[in-house]
Amino acid sequence: MELGMIGLGRMGGNMAERLRQAGHTVVGYDHNPDVSDVSSLPELMERLKAPRAVWVMVPAGEATRATVDSLRDALEPGDVVVDGGNSHFKEDQEHAQLLAERGIGFVDAGVSGGVWGLKNGYALMVGGSGDNVTHLMPIFEALKPEGDFGFVHAGEVGAGHFAKMVHNGIEYGMMQAYAEGWELLEASDLVKNVPETFRSWREGTVIRSWLLDLADLALDADPDLAKLKGYAQDSGEGRWTVQTAVDLGVPLPVITAALYARFVSQQEDSPAMKMVAALRNQFGGHAVETLKGADSPGADVTPPS
Amino acid sequence: MELGMIGLGRMGGNMAERLRQAGHTVVGYDHNPDVSDVSSLPELMERLKAPRAVWVMVPAGEATRATVDSLRDALEPGDVVVDGGNSHFKEDQEHAQLLAERGIGFVDAGVSGGVWGLKNGYALMVGGSGDNVTHLMPIFEALKPEGDFGFVHAGEVGAGHFAKMVHNGIEYGMMQAYAEGWELLEASDLVKNVPETFRSWREGTVIRSWLLDLADLALDADPDLAKLKGYAQDSGEGRWTVQTAVDLGVPLPVITAALYARFVSQQEDSPAMKMVAALRNQFGGHAVETLKGADSPGADVTPPS
Amino acid sequence: MELGMIGLGRMGGNMAERLRQAGHTVVGYDHNPDVSDVSSLPELMERLKAPRAVWVMVPAGEATRATVDSLRDALEPGDVVVDGGNSHFKEDQEHAQLLAERGIGFVDAGVSGGVWGLKNGYALMVGGSGDNVTHLMPIFEALKPEGDFGFVHAGEVGAGHFAKMVHNGIEYGMMQAYAEGWELLEASDLVKNVPETFRSWREGTVIRSWLLDLADLALDADPDLAKLKGYAQDSGEGRWTVQTAVDLGVPLPVITAALYARFVSQQEDSPAMKMVAALRNQFGGHAVETLKGADSPGADVTPPS
Amino acid sequence: MELGMIGLGRMGGNMAERLRQAGHTVVGYDHNPDVSDVSSLPELMERLKAPRAVWVMVPAGEATRATVDSLRDALEPGDVVVDGGNSHFKEDQEHAQLLAERGIGFVDAGVSGGVWGLKNGYALMVGGSGDNVTHLMPIFEALKPEGDFGFVHAGEVGAGHFAKMVHNGIEYGMMQAYAEGWELLEASDLVKNVPETFRSWREGTVIRSWLLDLADLALDADPDLAKLKGYAQDSGEGRWTVQTAVDLGVPLPVITAALYARFVSQQEDSPAMKMVAALRNQFGGHAVETLKGADSPGADVTPPS
C-alpha cells in the first residue's frame, strides 16, 4: 500500500527501506532535501491517494506536536496518522483528539529494534481503533519480524506507546542487571576470564538473551570496556515509566534503581554525597581537623540535649 | 569415560541420563535405593577404575561437606571430585584443601539449565586447575549445550561457583524487571491485552530472552497469574551475590532490590511497615484517635524544643 | 491582625486557636456549622476589613481549587490568599495566576507539625512575593515555634510547598531508616531488649531525633507493635517528590525506596512477585510438579537454542 | 573506680578524660609514649588492683584481636575486658570465648558520640553478662550523657556491638535522606534559599534531629558545600548491617541504598555504567557511529531470531 513517511533519519529511513523491500510505496518527507522525496507537505499529500496513511517518525515532544498540527491542516477526513516516535501516551491522546476534530484517524506505534530493525524487523506495539489498525496491517506486517511475534495491538490510542514505555523500563532493569554482574565479576580476583564467562552464558543458562549476545559482542571488541566512559544517557521513556508507576502506586524498585544509576552516571560530582561528606565531617573526628582554623563545631551548635 | 555420580535427584538424575546418552559410563549413588546403582560409597569406588572422577550433586552446605569428608576417606590420590551443586565459592576452597591433603583433585562446577537441561544441555561454569579441567572435558562436553557457548573454565577453584553465583544474581534482576513491567501493564487501564503484549516482545525487541519466552508460556497458561501467590523463595546464591558485592565495595542496586522484593514476599506482614505506621500514628492526626482512651501522646513525651 | 480561616478541621482549627492565643482575630468558615463563625463566604468577607488575608486550610486538589475559584470572585484587589494545605507547587502557580488576574495576592505555606503544632508551633515554609510575606509576618510569627527556627521564606510562589514536599520526602526516608533498623533488631536473637535499645538512642547518639522520640513512645505503648498492621498510606507529597526528582534528573534512591515500601504495604498480594514465582516455576523443578497434570512446559516452548 | 584504657586516640583519649572528670582513676596505655601512662602491658596490670577492668579502644579487626590475645595472657581470672571499638558481633563472641577459657570476663560496648562525646557524653550499647555489666556500671554512668537515655544493656555478649551496628545502619539511611532532599532543593530553581530552608526545619518539623542541626552548621560554613567532594567513606558497620540483614532475610532497601551511594561515590568511574553504555552502543544508533571504522556489529552477531 501507499504510505507517507515524515522523518527519514536513522529510524525512519531504515523503516522506509524495509517497507519498499516488501513492495510498499513509500513517499518520504524530511527537512533534509537529500533524502526527501518531496519538498513540502502539500506535495506529499498530492502524491498519496486518499484515504492517506502518514507515518510520523520525528523526535517526541515539540517536533511531533508541530507535525501533528501541520497534518491536521493538510490532511482530509478519512486519512490516518501513525506516530511511530517515542511520544508519551498522554500526548497521543491529545494528538488523537486534535486530529479527530477534523475526521482524521490516529494510531500510536511503539517501535523497537534500533539499528538491527532493517534486517531483523521492528517489534511494533500499536494503539488505536480496530478499524485504523486493520487498515494499516499491511504496513505493520512488512515492518515486523518474521514469525509469530513482534506485533501487538495493545489497546486504544496511547496503549502502543504505553507498552513501549514499559518495554523500555524493563530494558533499563535488564541492562543494569547484566552491568552489575559484570562489575562484580571484574571486581573479584577469582574469575580470570570475564569475557569468556559472559560468552558462555549465551546458551543453556537462564539469563540468555539478545542483550547478553550484545554484551558478548561488546566485550569481544573491548574486553575491559576500557575505551568507554561509565556514562549513560536516559531517554524520556525510562523517566515516564517511573512517574507513571508512582501515579498508579506501583512499586518499581529495580527499574527505578536502573534509572537512578544513569542519573548518577550523568553527574560530574554528586551533590547528595557532598552533604553526606559534610555530615560525616561534622560529627566525626575529621570535622575537627578540617575546621581547625575556623571555630570548632562545638562552639556553634548546641545539639538538642 | 567413567563417572561416579553422587546424588540422583532431579538434577543429578537428568545429568546422569544425558551423560549416558552421550556414551559415558555413569555409576550413580543415592540414598534412595530405587535409583542407586550401588549400595555404598565403597562399592561405588570399586566400580570405578582409577583415576576416578566423582561428581557430587547434593544440596549445598552440610550435605556437600559430609560427602566431601566421606570421599576424602574413600578416594585415592589422583582421583578427582567435582562439586556440581550450589556451594559457596569459599566452601569450594575449603573442600579443595581438604581433598588436596590426600592428593585428591577438586573442581567446582556451577550448573544452569534446570528442568530443561536434559534436553537442551546444561550451561557449565567450572573452576579448578587446568589439568583437572582438561581431564574432565569429555564429561563437560556431553553435559553442555551444543554449539559454541555454554561452557567456561572461569578460573581456579571457586571461580565456577562464583560465576554461577553472579549468574543467579543477574537472573534475580532480570526476573524482577519483567515482573515490574508486567505489574505496571496490569495496573493500567490502557493496555487491554497484557499477555499478547508480552508475547509480542519475543521477537524484534531489545528485551527478548529465554525468560521472556517462559513468561509468555506462564501467561498463556494463566493470563492474570491468578492461580499464583506473590511469593518467591530465594536461594543462597542471591544472598551470597549481595554479601560478596558488599565485601568488595561493589554497588548492586538492581540485584539487591530484586532480592529484597523476595524477602518481602516471604513475610506475612512487614515489621518495618508497622514501625512506619506507628510513627505516622504518633505525629499525625490518627494518633489522637487511636490513643484517645489512653494518655494523649502529648502527655508522655516532650520533643526536644 | 485579622485573618479569615477557611477549613476548621484538625489542622485549621488548631491553627486558629494558636493564632487567637497570640492575640489575633480569626474568623473561621467551615462546612460544619458547629465550628464555623460565619455561614457563608460573603459573610466572611464582610467580617474582615480590607485588605483581607484569608488562609485556606482544606484538602489539596479539587477542594482547594474550588475554594480559590470562590475567593477569586469574593475577594477584592489588594486582598491576599494563603494556601496552607498540601497543594502541588505547580497548582500554586496556577492559583496565583488566577488570583493575580483580579489583583489578589497569593502565598503558599507548607505547614509541618501535625497534632503537636498547637502546643509546639507549626514549622512554616512559605512562597510568595516579599510584600505579601511581609504583610503576613504577624500571622507566621504566631504560628511558628518559639526560637530561631521554624520559618523560612523559601522563594516565589510555589517555593513553600516545594520545600514542604521535600521535607516530606526526607521524612519518608528517615522513617523507613528507623523502621528497617527496628526490624533488624527484632529479627536477631542477640538483642534482647529492643524497646530499651531504641530508648537509649534518644541521647548521645548520631541518630537522635524527634522521630526517634516518637518511636520510643510507640514502643513504650506496644513493645512489639503487635497491635499494628504493617500498612502505611502515602500522601501525595511523597509521590510528587519522586516525580519531581525524576523530572530534574536527580537520583533519590532512599526516598524512593521508602515510598515503594509503602506501596508494597498497601497491596494485598504483589502482582510482580506472582510473575517472579511464575518464572521460577517455569525454569525450576517446581514447574514440572505444578503442571504435571497438564502438558509439560517442554512441550509448549522451544527456547531459542 | 579504676580502669585501664588501652588506646588513647581521639576516642580513647577523650573517654579517659571524661572518666577522670567524673572522679575515676584511669591508667592509659598507648603505643604513643607521649600520651601513655605506662610503658607496657605488664606495667598496666601492675598499676591496677584486681579484679581489673580494662577498656580496649583500638581499631577493630587485627588490632583488637592482638590486644585481646595479649590480655588473655596478661590478665587474671576475675578481671574483665571491655571492647569499646567497632568490632563485629561475631568477633565479640570469639573474644569472649578466648578470655573465658582463662576465667576473664568480656563486655562489648558500642559507643556513639564522636567528637561531641567528651562534652555531651557517649551513648553506650553494651552486651555481656549481668554481673559484668553491673560491675562496670560506674564507668558506664560516667561516660553516658546525663538524663534518662544514652545507655542500654542490650543482651549477652555481642548485643552491644549488634545494636551499635544497627544504629550506624540507621545513620546511613538518615544521612542519605537529608542529602537527597538537599540535592533536590539545589536542583530546583524554585527554592532560592536552601540553607535557610534547612535551618528552618530545626524546629517544629517532623524531620528535626541532631543530624539536621549539623547539616545547618555545615551549610552555614559553606552554603553550597562547594569546598567538598561528593565522596563518602563507609565503615565496616554499614556493610555488616546489610550482610547481617541478608543472612536473616530482612529487607533493608533504604539502608542498603545509602551504603551503595557511598560505594558509587568512592569510584572514579562506574564499571557497571560502562557496560550499560556498551549495550546502548550495541543496539542503538550510536553503535554504528562509534564503531564505524571497525566491523559493524551486524557482522559479528546473529541475534536469536
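We call the chains A, B, C and D, going by the order they appear; numbering starts again at 1 in every chain.
Here, contacts are C-beta pairs under 8 Å (C-beta built on N, C-alpha and C of every residue); 3 or more make two chains touch, one makes a residue touch a chain.
Computed from a predicted structure; not experimentally measured.
A.B. asks: Is it true that over half of the residue numbers where chain C touches chain D are used by both copies, so same, or is it different?
C.D. replies: The interface of chain C with chain D is built from mostly shared positions.
A.B. asks: Where the centres are mean C-alpha positions, what is the separation of chain B from chain C, in Å?
C.D. replies: Chain centroid spacing, chain B to chain C, equals 42 Å.
A.B. asks: I'd like to verify one number: the distance from the centre of chain B to the centre of chain D, where each centre is the average of its C-alpha atoms, in whole angstrom.
C.D. replies: 33
A.B. asks: In chain D, which residues are in touch with two or more of the other chains?
C.D. replies: Residues 114, 120, 145, 147, 176, 178, 180, 183, 187, 203, 206, 208, 210-211, 249-253, 257, 260-261, 264, 272, 283, 303-305 of chain D each touch two or more of the other chains.
A.B. asks: Once you draw an edge for every pair of touching chains, what topology comes out, line, ring, star, complete or other?
C.D. replies: complete
A.B. asks: Which part of chain C faces chain D closely enough to touch in the complex?
C.D. replies: So the residues of chain C touching chain D come out as 89, 112-114, 117, 120-125, 127, 144-145, 147-156, 158-159, 162-163, 166-167, 169-174, 176-178, 180-181, 183-185, 187-188, 190-193, 196-197, 199-212, 241, 244-245, 248-255, 257-258, 260-261, 304.
A.B. asks: Spell out the part of chain A that touches chain D in their complex, as residue ranges.
C.D. replies: 10-11, 114-116, 119-120, 145-147, 175-176, 178-180, 182-183, 186-187, 210-211, 213-222, 225, 228-233, 253, 257, 261-262, 264-265, 269-285, 287-288, 291, 294, 297-298, 300-301, 303-305
A.B. asks: Can you list the chain D residues touching chain B in their complex?
C.D. replies: Its residues touching chain B are 203, 206, 208, 234, 239, 242-243, 246-247, 249-253, 256-257, 259-261, 263-264, 266, 272, 283, 303-305.
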